[in-house]
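Presented sequentially are two complexes of chain A, the first with chain B as partner and the second with chain C.
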Partner chain A sequence: MFQVISQIKAKVVFVLMFVLISPPLWAGLTIEISEGYDNAIPIAVVPFGFEQQAGGNSQGGNTPANKAAPVDLAQVISANLRRSGQFKPLLNSSLPSQPSNVDDIIFRQWRSLDVDNMLIGKLVDQGGGFYQVDMRFMDVLRKKQVLGKRWNKVPKENLRQIAHQISDLIYEELTGVRGAFNTQIAYVTLRKKNKKRHYTLEVADSDGFNAQAILKSTQPIMSPSWSPDGQKLAYVSFENGRSEVFVQSLDGAYRHKMASFKGINSAPSWSPDGKKLALTLSKNGSADIYTMDIKSRKLKRLTKKWSIETEAIWAPNGRSLFFNSDRRGQPQIFQVFLDTLEIRRVTFEGRYNANPEISPNGRYLAMVHGQGGFNIGLLDLHTDEFNVLTDTFLDESPSFAPNGEMILYAMNRKGKGQLAVVAIDGNTSQILKVKNGEVREPAWGPFLTNK
Partner chain B sequence: MIGFMVRHPVATFFSILLHVVLVALLTIEWTEPSASIKISATNSEDSQPNAVSEVRQIEPLKTFAVDASLVQEKLEKIRAQEAAKKQESQQLEAKTQQERARLKELQKHQKIEQEKAEKARKQAIQQRAKTEAERRKTELERQKTEEAKRLAKLERSKAEAEKVKAKEARKAAELAEKERLKSIEKSKQAEKIRLLEEKKKRALEKENAAKAKENEALKKAQEKAKATAALQRQLDEEASAQRKAQKRKQLVSLRESYISAISAKVRDNWRTPARISPKAECDLQIIQTPKGNVTSVKILNCNEFATKQFKVAAEKAVYRSEPLPKPPVKELFERKITFEFKP
Partner chain C sequence: MFQFKKLYLVAGVTSVITLLGACSSPPEYATKGTDLDVIVDTAPGVHDGDGYGSESGSGVEMLPLNRAGQDFSDGALEGEGGDPMADFQEIEGVEPVIYFGLNQYELNDENTRLVKHFAQEMLNNERLTVKIKGHTDERGTPEYNLALGERRAKAVAEAMMLHGIGLSRIEVISYGEEMPVEVESNEAAWQQNRRVELEIR
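Let's turn to the complex of A and B:
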C-alpha cells in the first residue's frame, strides 16, 4: 500500500493549475481532443428545431421566438461524435441550410459537402419543463431515413442524456458498436485549498458534464469501482488514517465500510454478478487477493504468498481473476481460477506490468506497462499480441468504456494529474481536465440503460 | 526336223555337206572308170564330144542324164547288133535276166574262160581273140556299164529320188525353213505385232496409266484444291472466329477493366467508421443509368464477416462513386453490374 501511496505522491508533487478553456459552470471536466482518426467521416448534425407546442400549457406565455432551447442537443451530439475521433461533424457555419423536417432536406446540398449522413431533429417545449425530442437520422447518399425516434415528456435536466442516447444510436448505426456516450465516469479530484489537500470522488457524464461529488475528503480517496448495475461505487478511503474499503450508493442512500482489516484494505473490484468484491488484504501478513461476499462479508483467500498480490479484477465470466504480483521479482499479471485456485502467469512483455483491466468482452487486458516510462499496454488474450497504446507520461489506472472501444486512464502532464482516453487501436485520444485541480483514479461506468 | 535344223545349223550344214560329198564321191567313183569308157566312147562315138565336154563341165548328175540318152542309143545299137547275134545275146540276156545272181560268177567264169581263151588265142589268134575279147569285153563292159548304168540309173533314180527327196527335203526344209522363217517371221511378225501391240498396249497402258495418273493427279489436285479451299475456308472461319474471339476477348477484357474501374472507384469511395474485418466480402449489384447514376444497389452473397455496417458502407460507397465510370466502348454499358466487393 505504501508503494501505491508513494506513487501517487510522486505524481501529485509540483502541480501547477492552468486552465486553458473556461469551462461551463456545471462542467466537472474539460475534454480536449488531442488526436483523431485521419479518416474521420464527415457528418452533418443540424441544430434541432425548437418549437413551442401549439396549445401547450406553457407558462408565462412566452412566444417561441423569444425562447431559446434549454439545451443545444445538436451541439452535445456533435461533441460526442467528434470526441469519438471517428466522425468529423460539420461546423454550423458551413451548413447550407438547417432543415428540421425530412421534407425540407435538399439532398443535393448535402451531397456536395461530401456528407454521408445528417441528423436533423426537433425539440418541442411541451410545457411544465417537459420536452419532446424528435430525431431523424438521414442517409444523404441513399436519400432515406435510417433512424427516427421520438421521446416524449423529457424533463429538462434529462435532455443531455437524450442527446447522449441519440449519439449512441448514431454511433451504433454507423459503426455497429454500441455507443458509450450515455455513460458516466468516476474519478478523484485533488484541489489544494489553503495548503490543504481536498480529495473529491466525483461522478460525471462521459462528456465530463453533470459532475457530482460523491465523497469529499482531505485524505486520499482511491480505486473507485462501479457496481455492474451502475448504482454503487466501491472505493478505498484513507479518511480514518488508514486504508478502508467502502461501498456507497450513488443516490446517497447508504455507505458501507466493507473492509477495515489490519494492514492494507485496497483495490476493490465488483464481480460481474455484483454479489462479491475482490479485495487486496494484508491481514495475514503480505498482501493477498481475497473475495468477499457482499451480503455475508465472508472472505475467501485466493493467494497465499509472501509476495505482494494486489489489484485484482474479475474476468467477465466471473470464473477467474487477474491480478498483479511481484512473486517473480517484478510485477507481472497473473490469473487465478476460482474453482481450483490454480494460478498462471499472463504477461511476459517487459519487466513491469501492473494494474490490469479486462475489456467487457474478455478479449483485451489493459495494464500499466513499465518500459522506461509507464504507459498503457494492451494485451490481446486471443492472439497474445501486445501493444503500447499511449505515449503520455506516468500513465496509470486504465479503465475500459463499457463498449470496450476506449480506455480511460490517468496520466501526468506538466506535472499535473489528468485523465485521458485512448481508443483500443491507439488511433484517437482526448484529455479530460478539471478546473483548478488535478484528476486521477478514473473508472468508466457501465451502460446506464439496458439495451 | 526343221526344229532340229534350226537348233543345230552346224550339224545340218555338215550333214548336207556330207551328202554332197558323198554324192560327189559316188560320182567321182563312177567317173573314174567311165574315163576309159569315155575314151572308148570317144573312140567309138566321136559325134558326141560336146556331150563329153558337157559331162565334164556340168554336174555329175546331169552328166548321167546325158549318158542315159547315150546309153539308150547305144542300147539301140546293141539291140541292133544283137538282132544280128540274136541268139547269143538273147541267151545272154535271158541268162542275165534270169540269173542275175550268177552273172558275176558267170562273168568271172567267162572272164577266166576268156582269159583262158585269150591265153590260148593270145598265142594263137591274138587279134581275133582280142577283138572278140574286146568285143566281149566291150559287151561285158557294155553290159557292166549297162548294169552300172542301170545301177547308176537306179542309183541315179535313187539319187534322183534322193535328190528329189533331198530336194523335197530341202524344199521341205526350205519350205520348212521358209515356213520356219515364215513362221519365225510370222512369229517375229506376231512377236513384232505382239510387241507392237504390247508396246501399243504398254503405250496404251502407259498412256492409260499416265491418263490415270493424270486423272489421279487431277483428282488429287482437285482434292488438294478442295482441301486447300476447305482449309482456307476453315482458316478463314478460324481467323474470323479468332477475330471474333479476339474481339470478344478484347471486349471481355475491356468489360473487365470497365467493371474493375467501377469497383476501384467504389473502393476509393469506401469509408466507414466501423471496424470491418478484412475478410468481409459481398457482391454488389448496381443498377445504373447510362449517365452512370446509381438507381439501386443490392448487396448479395455476403460472407460471414460482412456486417450490417459493411453492407451499408459498401452501398454508400457505390452512391458516393456517382457518376460511375463510363465504359470504354459504348456497347459495353451494362445497366446491371455485379462485382465482388472487398474493401
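Let's turn to the complex of A and C:
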C-alpha cells in the first residue's frame, strides 16, 4: 500500500565509489542506499568463479594467482537487487560456501539459511580482452535450475552490462515484472571552478556507473528527454545566451538545434512514436504548449492562454498530453487531447502540482507537489488516489524507470542538488550524488533491448 | 519620496551581470564511448519568420550583439498625453535590479518608479539598449520557473515601453532558476534570487 515514506532509515548504508572513466574530471556518481528491509526477500548471490580458458593461455584451466576478475559480477548484481528494495542479498561473509558449478552446491547448507533462491556463475577469460559469462539461477527448495544462460566473447567493458542483464532476468523471474537494471539515466551536473559554472550533460548506467559527459557548457543545460529508441536526447541549452532546444544523437553523429524562436524554447518531450517533440514556446506571448514534427519541423499549437503552460509529456498511447498550467492561479496538471484540443484539469489536491510524468503503463501520474515544501506526489489515474512519496527537500524532476517500478528525481540535501530514487510504493529509496558538485534534472532512459 | 534601502543591500550584482554576459564559451560536444571530445557543427536553426534566428547557425559563441553605436529610428516613442517622466526624480547609485515576491510578477509602486528611472536613462541616451533578464528562486520546477522568469522580465519590459522605450531597444531573456546570485537554500537567498536584472548599454 502507498505510504508517505518517512523511513529513510539508514539502517544499512552502502557507499559505492567508482573509478572515473573519461574524461576523469567529469565522470562520477556516488550511490548511497538507505532503505528499510522489512519485506525484502533473502537471496544468495554467490561470487562468480573466475577461470582462464583452457588452451586459451599458457596457464591452463586454473585461475591464475596473479589475475583477478575484471568485474565482480556478483557484487554488481547484488547491489542492483538490494537497490530495488525487494531483495536482501546475503553478505558474502555469511555464505557457507562459494560454489560456481551446480555439482558443487550442497543444498542443505543453503536451506538452513532460509534462502529459497541462489545465483551462481562463472567468468572465463577467453583472452584478448574477451570473457565468457555463465549464470545459473537455482531454486534451493527443489534443488533445480530455474534459469541458465551463457554469454560468449563479451568485451571486458561490457561485463557490467551482462551483470545488469542477469539482474533483470532474476528480477523478472521472481517478481513477474521486467527488470530495469540494464538501462541508462541522463542528468545534468553543475560544478564550480574558479567561480565559473561548468555544466555537463551526462549519461550513466542505472546504477550510476560508466558516467560519460555528452555535452559540456559554461551555460545552463536543462530538461534532458530521451527519445523512445534510447539513441537521442533532447534538451535545453543556454549556450547562445538564452534557452534553445537541441536534439543530440548519443553516438555523436549529429546535433540539431530544433527550436530557437523568440522567447523561451524549453521542456522538450518525445512522442511515443519518436516522430514529434512537445515543446514550450513563448514566441506568441506567454509560454504555451506546441508539438513539432521532427522531420518537417512543422509546429502545432495546443494551448492559447495568457497563463503559463509548460512541462508537457505524452500519454503512452500518444493521443493526449499532460502539462502544467497556472491558468487557475497556481500550477496544476491538465490534459489536452490531440484530436479535439479539449482540455481537462487532472490534479485537484494541493496548491502546487507541476512537472507531470506518466508511468509507462499510463496508470500513474508523478508530479512535483507543493504543500509547504516540494515533494514527489503520485496520482493513480484509475482510482484517483493521491500519495506523497518523498519527504526530502526541494524535490523535482520525477522520471519513471521504464518498468514503472521506481521514480528517479532531483532533490536538495545539505545545500546541494542530488538525485534520489524511490519505489512507487514509497518503500525504498536511494541517493546518487556527484563529487564536488551538484546533480539535477534526471531522466531515466528506455529499455535498451527489445524483449 | 521613496527609499531604496533594500536595493543598496544588493552587492556584487554588477559582477554577476558581467559573468552572465561575457563568459559564454562554446560548449564541448563529446561522442559516446570515446576519450576525445568531438566538436560537431550545429545544424541550422529554425526560422520563425519574425526576424529571429538569422544569427543562429553555428551553435557556438552566439551572444546578442552589443548594439551601442547603431542607429535606432524608433528610439524615443513619447507617450501621448504628456511626458511620462514628469514626476521623475534622479536617483543615483541604484543597482539595476528589481525584486519580486514569491510567485509574483507584477511591479509594485517602488519597482515602477525604479523602472521609470532606468527608462529615463535610456530616453536621455537613444543609443542605449536594455537586456532584461528574469530570474526566480530555486523552489518549484525548473521549467515553470523559466516561464515565470520570462513573465517577470516581460512585466518590466512592458513598463519600460509604457515609459517610452521602443520594443527594438529591449531584449527579454529568462534564466529561470538557473542563475542564482545566492546559492543558499533559505528565505534570504530566495529573496535575492527572485529578480529581474537590467543590463543597459
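As a convention for this text, the second predicted complex is superposed on the first by the 415 of 451 C-alpha atoms of A that agree within 3 Å, B and C clash if a C-alpha of one lies under 4 Å from a C-alpha of the other, contacts with A are read in each partner's own complex, and residues count from 1 in each chain.
Here, a contact is a pair of C-beta atoms (placed from the backbone, for glycine too) under 8 Å apart; a residue touches a chain by one contact, two chains touch by 3 or more.
Please read all numbers here as calculations on a predicted model, not as lab measurements.
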Which superposed partner A:Q371 touches (first chain B, second chain C, both, neither): neither
First (chain B), second (chain C), both or neither touched by A:F87: first
Touching partner for A:K283 - first (chain B), second (chain C), both, neither: second
First, second, both or neither for A:S397, with chain B first and chain C second: second
Dominant contact partner of chain A by residue count, chain C or chain B: C
Touched partner set for A:Q212, first chain B, second chain C, both or neither: second
Touching residues (chain side chain B, partner chain A) in the complex: 271-275, 307-309, 312, 315-316, 319-320
Touching residues on chain A, where the partner in the complex is chain C: 22-23, 195-196, 203, 212-220, 222-223, 236-244, 246, 248, 250-252, 254-264, 266-267, 280, 282-283, 286-287, 297, 308, 310-311, 324, 326, 330-331, 352, 354-355, 368, 370, 374, 393-394, 396-397, 412, 415, 440-441
Chain C to chain A touching residues, read off their complex: 19, 23-35, 37-38, 40, 42-46, 48, 50, 52-53, 56, 59-60, 62-64, 103, 138-144, 146-148, 150-151, 172-176, 178-179, 183-185
Interfacial residue positions of chain A with respect to chain B in the complex: 37, 39-41, 84, 86-87, 116, 139, 141-142, 174-177, 425
